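Structures given as structure tokens follow.
In the two complexes that follow, chain A is the common piece, with chain B as its partner first and chain C second.
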Partner chain A sequence: MSVRRRIQAALACVAMLAVAAVAIGTAPTSDDLVSPFYVSGASGEPVQTRTLTAEVQGARLAQTLDVSANESLAFSLDLLETEQTWVVVDARLEARIASVSLSNTRLRIAGVEYRAIDYLPAPTLVNFIGDPGIPFEGSFAFEVPTAVLESDGAAHAELVLRSILSSQLDDIAVVDIDLAGLEVRDVEIMRPAEIAESRE
Partner chain B sequence: MWTLAVIASIVTVVAVLGGFSAIPEQKMPRISVGDTHTGGELTTVVERAWVSNQQPTNGEFAATGEQYLIVRARLENVTSAPSSFGSQIVRAEVDDVIAATVAPDVVLDDLRGTRLASLGAGVPTTVDFIWVIPADSVAAGDAVYLGIFDQFRVYGDPIFGDGAFTRPQLVAIVETVVDDVESVEQPHEVTL
Partner chain C sequence: MSWLGRNRVALAVIAVCVPALVGVLFGFEVLSRDSKATEIVTVAADDSVEIAGYTWRLTENVEIAGEGRAVNDIPLGTSIVAALVEVTPTGDSPSDTTCDVSLTSRSSGENLSWRTVGDVSVYGYGRLADTSSFCSLNGEPFELELVFLAPNGVYDSATVEFSLGDSDAIYRFRLND
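Presenting the complex of A and B:
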């Protein structure tokens, strides 16, 4: 093989290695390949995913949660305190295909996720949403550092309605919520999940 | 002949480099009550351990012939996502009473008296780890060893991808003594 041919072969090898490096570097990860599809919407508007129709009706801030409406022999507290701030998000939810559990629902502020409290007795929006076509209304509650709610990120909070089941390659509803400037009340009432009146 | 010479040379080099030295014993880090231990997910400050016949905050009494060993710690999630590791982060060992492998019977959020749920990012939480033990088996002044555990993320798991964790591993020890129950603040009243 002539010197020229050898140089051409070496350059071809280098070029192929470079292409392989770019392909590996830009290839999606295994998590990317099965990541969910986020369906975004604004507060006050219905957001529809494959399994759920969700509408955020508003948000409230409080130092103490009144959970007396959630009656249970196994849960004796009426008031839930926090050293931080409770964020209560009121929502109307309707399953579309089968009943849905949203026990992994998160509030996302500036890239940090806060999980909805899930230890209140049923019925809550976290535990169970009824059969398709039957809308439920109620509240989610999140414990969030007070300083976070006073930051710029509070104006661009997101409610991420996630099931405890795997959401790979499935829809997830994400609703924008503006928490900036909301008054922090002493006590806010946590609404149990109840069947909502149907809309005409 | 040459082969033996090469092997002898390799062994000599390994010996000179310390390859046959005794492996130094790695001692588990020991921290004191009140010190902050920073793990991968949570910071932990063990505040105290005591015995009582009543759980803090919710006031639940122990059954006849039993009492509680209570370990109070302040935990804070330093990640950007909820952590469910809080209830596993502290274990206790007391001679002939509690083995280090025994999980607490109850883990309470001290502020509300409810069972500890997930810990929110940046939300410091006082947590009570509670073991049910025979009455009079532990008294004020007895030694108690507290283990602080951590878990580490596993990448590329065939099932869970990058979302898996190792089993909890001991990363630090707090050696202390059981407080006198009389020195512990009495449970405050809970609205029923």
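Presenting the complex of A and C:
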């Protein structure tokens, strides 16, 4: 083989190694390959994923939660106070294909996720299971540091509607909520989750 | 000697190895999917079927339309769909199996499913005496009473769907023919 052919072969090898390095460097990680698809929408309008239609009807802030409308023999308190702030998010949800539970729902503010509290007397949206074609309404509650709600991030909060099941390669609804400037009331009432009757 | 002549051995190796590699990477996956294909058995409303050593017959079903919580406890826009399924062992029947049950409909083009209602009293429904709400096969005959809450209109095209244990088969009982 001539010197010229050898140089050509060497250059071809270097070029292929460079392409391989770029391919490896830009390839998605194994987590990326199965990551969920986030479907975003605004508060007050329906957000539709493969399995769910969700509409956030509003958000409220309070020092004390009134849970007396919910029924539970195991829960004796009617009022729950916090040294921080309760964020109550009211929503209407409807499963599209099969039963849906959103017990892993989070409120995301400035990259930090706050889990919806699940120890309130049932039924709340956290422990309610919805079936296809049957809309249900109620509230999620989150306990959030007051300082976080006074930060710039509060204007761009996101409700992340997650099932307890794995959401790999499936949709997750994310609803933008503006919590900035909302009045912190002394008491807000937690709406029990229930099936929304049609208006026919 | 020509280029083809000089590289004939390498080309022959590529011609054999590349298809073999593709076969190993994807062939087993395709074959295993075919072997796991779900068998779907549809049973007419007045028919019975033998599953796992038991005879299954859907003996009755009913739709109770919701008139509102204030009237009959069933939300407007929904219906209670209830079905009675007679399960009888055929002989030497296994006694350690459970089954999954759901109400399904494919009229919208998608395979929609509803789970059984746990506390049926919420919807003003009273269970019959001597029926079971849990599908557990223990070698004895029993009557399974299944109660679902579904949107209005689902009943007309609905099937009650069973799958047993580790079986890949799905059995669909038509409520209406």
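To be clear about the criterion, the second predicted complex is superposed on the first by the 179 of 200 C-alpha atoms of A that agree within 3 Å, B and C clash if a C-alpha of one lies under 4 Å from a C-alpha of the other, contacts with A are read in each partner's own complex, and residues count from 1 in each chain.
The definition used in the following text is that a contact is a pair of C-beta atoms (placed from the backbone, for glycine too) under 8 Å apart; a residue touches a chain by one contact, two chains touch by 3 or more.
No experiment lies behind these values; they were computed from the predicted model shown.
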item	value
Partner with the higher number of touched chain A residues, chain C or chain B	B
Chain B versus chain C as contact partner of A:Ile97, first or second or both or neither	second
Partner chain(s) touched by A:Glu81 [first = chain B, second = chain C, both, neither]	first
Partner chain in contact with A:Asp32 - chain B first, chain C second, else both or neither	neither
Which of chain B and chain C A:Asp152 touches, first, second, both or neither	neither
Partner chain in contact with A:Glu183 - chain B first, chain C second, else both or neither	neither
Contacts of A:Val144 with chain B and chain C, given as first, second, both or neither	first
Partner chain(s) touched by A:Arg115 [first = chain B, second = chain C, both, neither]	first
Contacts on chain A seen with chain B and repeated with chain C across the two complexes	none
Chain C-facing residues of chain A, complex	96-99, 129, 131-134, 195-200
Touching residues (chain side chain A, partner chain B) in the complex	29-31, 75-84, 106, 111-115, 117-119, 142-145, 147-148
Parts of chain B lying in touch with chain A, wherever the complex brings them together	80-82, 111-115, 117-118, 120-124, 156, 161-162, 190-192
Chain C residues touching chain A - in the complex, by the definition given at the top	66, 68-69, 75-78, 110-115, 149-151, 154
